[in-house]
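Here come two complexes built around chain A, the first alongside chain B, the second alongside chain C.
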Partner chain A sequence: MTTMTEKTKVEIIIDDVAYQVNADSNLLQECLSLGLDLPYFCWHPCMGSVGACRQCAVKQYRNEEDRDGLLTMACMTPVQAGARISIADPRAVDFRAGVIESLMISHPHDCPVCEEGGECHLQDMTLMSGHNYRRYDKKKVTHRNQYLGPFINHEMNRCITCYRCVRFYSEYAGGVDLAAQAAHHHTYFGRHEEGALESEFSGNLVEVCPTGVFTDKVFSERYSRKWDLQTAPSICTGCGVGCNTAPGERYGELRRIVNRYHSELNGYFICDRGRFGTGYVNHAERLQQPQDAQGKTLDAETAVSRLREIAGKAIAIGSPRAGNEANHALRKLVGEANFHGGFSAAEQACMDEIAAFAGDPAFHNPSIREIEQADAVLVLGEDVTNTAPRIALALRQSVRNRAYELADSARIPHWQDAAVREIAQHERSPLYLFATGATRLDDVAEASVIDTPSGLARQAFALAHRIHADAPAASGDGGGNSAQLEQIAERLAAAKRPLIVAGAGNGRVELIRAAGNIARALRKRRGNDEQKPLDLCLLTGEVNSMGLHLLTRSENSLEAALDKLASGEAENLIVLENDLYRRAPHARVDAALKAARTTVALDLLPNRTTARADLVLPVTAFSEQQATYVNYEGRAQLAWQVHRNHSAARPAWQWTGEFAHFREALHDCAASAPAMKTLGKVLPDTSHLPGGGKLPRQPERYSGRTAMKANLNVHEPKQAQDPDSALAFSMEGVPARRDATLLASPWAPQWNSNQSISKFQDEINGPLRQGHVGALLLERGAGGGFHPVPEADEATGIELTPARQIFGSEELSARSEAIRKRMGDAYVAISPGLAAGHGLTHGAAVSVRGEDASVTVLACVRGSMPPGVAALHASDREIDFHGLGARVSLAPAAGDAAVALDRGLGELIVSDLAQGS
Partner chain B sequence: MFSLIRDTLLSQAVTLWRVFRKLFVKADTVEYPDEQPYMFPRWRGRIILSRDPDGEERCVACNLCAVACPVDCIALQKTETEDGRWYPEFFRINFSRCIMCGFCEEACPTNAIQLTPDFEMAEYVRQDMVWEKEDLLIDGTGKYHDYNFYRVAGKQVAGKDKGEALNEAEPVDVRSLLP
Partner chain C sequence: MNTGENQLIASTTVAADYLRETEIAEIEHERTLYPDARAVGLEALKIVQKHRGWVSDESLRAVAEYLRLPIAELEGVATFFNLIYRRPVGRNVILYCNSVSCWIMGCEQVKDKIAGELGIDFGETTTDGNFTLIPVPCLGDCDRAPVMMVGPDQHRNLDRADLGAIFAQYRKGAE
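== the complex of A and B ==
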């Protein structure tokens, strides 16, 4: 599953035809790799075999003379050179039909009202195995359903007990609140009591469950069948990882997001922010028309000319959540010298450092597939579960490399999932966490180092020195536990493929530098410099943080832009998809906006910045436009337009009037920014596709074409044209079959579910045929050296650090209805000692006072937090985070302040709430 | 020459005689629309949506009729009542496209959509051939009187708890260890 080494091939004979297959695999996986139709349920490409469902039975023969053979489960049978098997043997066919018939005896006859219908693996397998009518005349077993939160629907009657849900939820994703209960034919998959599923990856149950036990509740509210969804390949805009997704649209609304297989990045799974966090696209308050400060609607031409008029004396602020083309078009409009990055000061410093490391040949920024192969991991200060959730899921897999090692020593193949887990017991590859409190990865961590952010940095510098003496030393191990640091140093140094993870999430540049020092020290310790670069994973905050940084001059920070405006050096301001109040102290933004003569804001939803703009231009959301984004690795990926926006909103690059076509913008961006010069590679080669290279966005059985708009006008409108891409807004063109050049929604004859992805892979878990994995932009040049240990901070007071939440920290997803149901209110997390010292209890309103601002939030008392740090989460409250400065003081807030914070903290999933709170 | 004229004339005379004879035969055509022809119950004419024996909408918005329709003239949107019953928020048939093939009726798992013997669907304005759910939904069960999907399917709705559908046992008590 996780090995990428050169595979040895052997010959086996299936139904009298000889095939070359991988020697270290099982028969089911190889049959599917070969494109043969063999039914299965419990096997999953990412989770291996357990032999629970007995559906993949085949006949195996001892030799050429053997005519009888014996039935065997393909998923549990290792490939052996010269093996002879038969899928089509009548007894095997019969056996499989019998198995499916018995699996179906209690199935509740509700396909028409099941969200899975039409993309159901159970439907597919039932047809494939030839079962039609229920012969069993006894009663069906029934179950009561549970409420599982706002994301997932539960319909337990449909269960066929394949155990995939718990194998994914608990074993793969580390969830603790879903389990198999009861016994024999009463087996029940659910929670110990009703309530929201806690795991950040619960949405994957929808895709993992082969039938309709777990379905997408958000999608069900505005439901469409799979065959009715207009779909295109897209990229998740929830964080900086850039998982591949397939959004589906019907009747002009974005209906749902499903995972889109990417062999290097997300594989088969995405997080719940990505899956449920796009409801903002259908938001009722979406900006629809260009408007001036008086709220008067302007026509598009006037708006463009007004924008171009003021552009001469304007500076522009780009956006890490807008694509490269939008940022570049604005950069071209105002000139490179006047184009500023849209990061907060702290994040800008982090991004500068991340970019510096990204150019260093000593390091390699690993993909998710590579992260899963790490056998010792150190996470430095980054709350990965909340800033880049999919990476956290990958880290969970990395700790299993010890299990695979043990399995190798016992000659157990890696796909024997239960056996590998059995032999490993609780043995794990080391994962060390440097954090300001308990995290959601604690259960698989070898040890956690808990300290304030500056304390973590000191300890990390000390750790680097312990790993190699060339790294500068911090005094007295940075106040940490020497024995623990020594142990971490030794385990990291002993690893075959160590990995250091840090990121811009908490805005501490010294932590990123410390991560660099540790990685550099490890590399030195490992001997010669010619060996492979060391894995250093530096996470970026938003979908295109890296892209924006590559397009911006280093001195052109957001702060510099605000200064230029306030000092009168620049006259006008153009803000691209960016709420400046989230990025800088409110007082400074206010001063800058006041000084600016004309402010133009381009955005898709109203926010504090658009409210103060003189001209607001509505832009399209991610699914309504084509754009390229650069992820944390420097991988540029193209997100295709899924559907059209019927208001006056346009992609931001179109508003600037610089480019007529998307490709012009993309190629000009590649030509004018040296770091982007290979950006053109993201465009897939469609020259080999028939019919002029057009491919349909709509499936072949897209229904209702002649009726869906007939209420407006019975004369059907002309099909919308898409001159900007190889996709058509219709069923016209040649749909993807085995070629995955532009694959959004996999489908193959007899395979309507997402399991059909195997038909597009040359081998299971391998790259897609003609599939596009994006273009790695970053080139490594000159190496760097160790960073000096930062001076000890003499300031007193409580250190302020941001607390990230998967539901709530990302600006746009936090405006999606589904996500809002899981969002708690703004809070500040503090240690019990700190709370007691200030007379605060959990859930009480607290006033956090900083340099230039003070905010009122709820107190969240967490047992594991060190004293001297306050972790502030703004949720969707308009909190002046950056105005608070680095150090804050706390005080109980006036009695009624908590009433305004009515969302409460009930939705927070925290393992270390202090006793009695 | 003579025989040719004889044969031709004879043929024409016979034809004239046969036509003349028909003057005294009862006509097969009827005085439509004053007189209505007998339409067989399974004639494929105007489409209706029926109700189940309890008087509830039969359509569960499964979309199978829409996908079966060869001219794609059916469009609908699923929505749900408080108790979990699926039904169409809107259900639209563009009869100006419909070819009365009956595939929708064959595909329907709940006997909701049915073709009726009514063929009188001419309109002066084509837009009037677009029918919404209000136009399609009748008050009765149509041709199939007994079938009630929600009494058979395992999904729980108001008035039918888990275990009360056709052939269903009482819901399992997960905490019991008895076999």
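== the complex of A and C ==
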């Protein structure tokens, strides 16, 4: 990292040993960076110090002669050159033992039945502090627990009142429905009444809580100890961000997802879609055998030969949710000219534009860590909380840069969390939202511009022109509030590190172009072209949208494929992990599939496309295979196989390609697409491992290996081999703490919890020693210019736009049981005026009629929405979104239509619901 | 222009219907004294309690919505202070000091007498709804311990013998 070299180092003495440490830090953080064992609770690497728990007490001495010293809290003590401290001093040791004893007074003796057991920071710290025997024999304080929804268990009796939960949930993540209640020994962390935790990041409580107050409810239904989980470094496939995760498997089931630290991307936190959205891997309906159109099972050989037979005259449609190797193998099978992208027409246009900006040296697509450094942000049309939730969490941190400025002026160190918040009060760096209604970031936004999508684009083009006159002007004033636009222009122009965010989420290419104009205008306004590129964050929809786009010729859209089939130009169709009915008007898909002589679909769960296929080939899920994915930044990352699939399912590249090993598929992909040429960098160098040695997927304490299949055969079977990677399905091999190649699940002696991550970082919040941050593929070439302002749309009628939901919009997570419990039904969000004008009330069934289709959904009446726009959310219903066209009309649907939409709207978390009478 | 704060809480507010005009007027007065609605939260709870005797779930919700504060956070304030009553109390709240000076001066014996006289322990309300007994750490009158407050009145140098007469005047007053 660039910042590391800039840090000033000073010498301090800890227990008579001299160390070089960062000058702008505190003693606890530096002790942990040095790898020293100093216990703590309330401190968190991402949330700084508050000095609440008193667990990290050390002795500090005035000088070499000082033999007495003073007890001081390491987390609250700034580093000073020449400081002398002691962790081992008997009085400090004794003090820490006293603190843990009092914290433990009411803690239950329930480790054997507690799900935190074995990865519990409290267990670790209790042992480290030497509190081995409990002397307290009085009555313990007990609490009533709350129902907190389908994701999180609540067991308040285990609480040690460190306040980390509310510091994360409300201060860091902006949640409003979890707070500290009461005081003294009966302090309680909960909601004001029972109910699902509303924050999209609630699952992080499981990892933030140092003990078992908040545990993973989904995991608890099929629970295993941490040491019994087989794991490997993986990538979340929930959206285009590519957060790093560590899935855990036991007995052939994917049991849970936890965050895997990545210094540039997700850091310590992931969203609830990522954590709770992978239940589909264990779905009872998973495709297990190759099948023909009659549902007859075929053996693999027959299936492959039938695939090869039709491939010569086939075109193929790739998948933004499949890895590069799967897409590449299919592309190779049918030939590049016959390989088509799997995007909707609107998304394809957005992706083309995003890719064009990705090649422009004027811009930089920032990582999450860089997003957090922005001091003025404009989000243009993208509902980030629902399309790329982890980015929304980063934007929430960016507004705190004003607080850090104020802290600097008062010489308060940034890690003094409570003091920084106190001095800032409500002062924030500006965040401006251009949206079609209220969003989940409104509470930290300076202002929102609410308009229809085309209105937003008009205003955004006008804003670019206000920032710099070279940007083309919209006819008229853009229709917005010109004083407001002027203010936004000035604040963005005055910022040190402004950031513009847009994306493919709403399928409006003009918004992406307008975002480009604004960023380009800002760059011009800032002076010459030699300065650093401007941060332009363009979000892609799915885990490998970018990878698929890089592998696809620009003219080979999905629509073009459908045309080729309908016109007879192409005979057969091979579809890779893609439900075409989600991407194109149903009538066109029907026509194309009807015209195709043979359709082959590769997928992992049945859908409308596999139902129409003549041959269905089952593929492995993300945790059952190796794959590389390219995120919104153009960062390629490798997701390792965690566990095996025991059915006939294979990785798609094995069905369609002729590669003996995964790495051959990867290298062939890198060699055949210029943009992918550095893809091989994601493979770790394992040449130093002795004798072709392997790294274990299973922890050293993995239990039951000889017994877990004893119901089938008392002889222990040979461990499964993994010829495809450097990992073994075994606990044998070189563990992560002794080899810097890979890290899935951190563990170190005395550190069983996830806090052991500090043992693997160069320094706190720094890169991992197992430093795989992926490979940035995109090279910037020729610069572009301003986009012209689009012609004003003369069409009348209500503008249709997609409404995204964190729970429901992503295809596979929406088939996970836990996510389904939080999914609302299909709805169309409209303004109260529009609802009243059509005789609609909130929750009523409404018929949305468009060009070639009409769908029935629930009306969701939202007070902040402008008239003239309808935001349609399909949930998991078979809704012909693309058949509706750009403009729709509304009408009340028959009364019984709402009955089928039985999930209702109760699960929606929106701030501006205008309830019907 | 939508400011973020205004979006925090659902717009379906019942607060204006629930809170009485006098309560709203007093809350609005407090609002002029603080820069931040969060700071008004505690005062608003005290105002509602003054008019209604205690803070019910409905009152809590109404205040939260009226001030546009997260209800969980306001509940945190309400439950932090033990003189905000989240359960109904009797017509007269007895704040009984059981801190060190009063303890030295025999407050435990006096408290036993109160419990016997009224038939209630700490945290309980008499069946006739006249009295609720609550412990407090200090009432600032240590030189005249033991001390208690009944409603707004401070009673000092408590003697077991006086208690009947003291309570009688409040019973009478309640009639």
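Simple rule for what comes next: the second predicted complex is superposed on the first by the 900 of 917 C-alpha atoms of A that agree within 3 Å, B and C clash if a C-alpha of one lies under 4 Å from a C-alpha of the other, contacts with A are read in each partner's own complex, and residues count from 1 in each chain.
Please note the rule applied: a contact is a pair of C-beta atoms (placed from the backbone, for glycine too) under 8 Å apart; a residue touches a chain by one contact, two chains touch by 3 or more.
These figures come from a predicted structure and were not determined experimentally.
Once the two complexes are overlaid on the shared chain, A:Ala438 sits against chain C while remaining clear of chain B.
By the touch criterion stated above, A:Asn157 is placed in contact with chain B alone, chain C being left untouched.
Of the two partner chains, chain C is the only one that A:Asp912 touches; chain B does not reach it. Judged by the touch definition given at the top, the superposed model places A:Gly680 against neither chain B nor chain C.
Legend: residue contacts after superposition of the two complexes on their common chain; A:Ala182 is shown touching both chain B and chain C.
Judged by the touch definition given at the top, the superposed model places A:Pro892 against neither chain B nor chain C. Once the two structures are superposed, chain B and chain C can be ranked by residues of chain A touched, with B on top. Within the superposed three-chain model, A:Gly359 lies out of touch with both chain B and chain C [touch as defined at top]. In the superposition on chain A, A:Ile450 makes contact with chain C only, not with chain B.
When both complexes are overlaid on chain A, the residue A:Gly833 reaches neither chain B nor chain C.
With the contact threshold set out at the top, residues 181-183, 188, 190 of chain A are in contact with chain B in one structure and with chain C in the other. Remark: chain A residues 170, 176-183, 188, 190-193, 425-426, 438, 441-448, 450, 481, 484, 863-864, 911-915 touch chain C in the complex. Against chain A, the residues of chain C that register as touching in their complex are 1-5, 7-12, 36, 57, 60, 70-76, 79-80.
On chain A, the positions that touch chain B within their shared complex are 108-113, 117-118, 137-145, 155, 157-158, 181-184, 186, 188, 190, 220-225, 227-228, 251, 701-708, 710-711, 713-715. Within the complex, the chain B residues that touch chain A are 60, 62-64, 66-67, 69, 71-78, 80, 86, 92-94, 96-97, 109-110, 126-127, 129-130, 132, 149, 152-156, 162-163, 165-177, 179.
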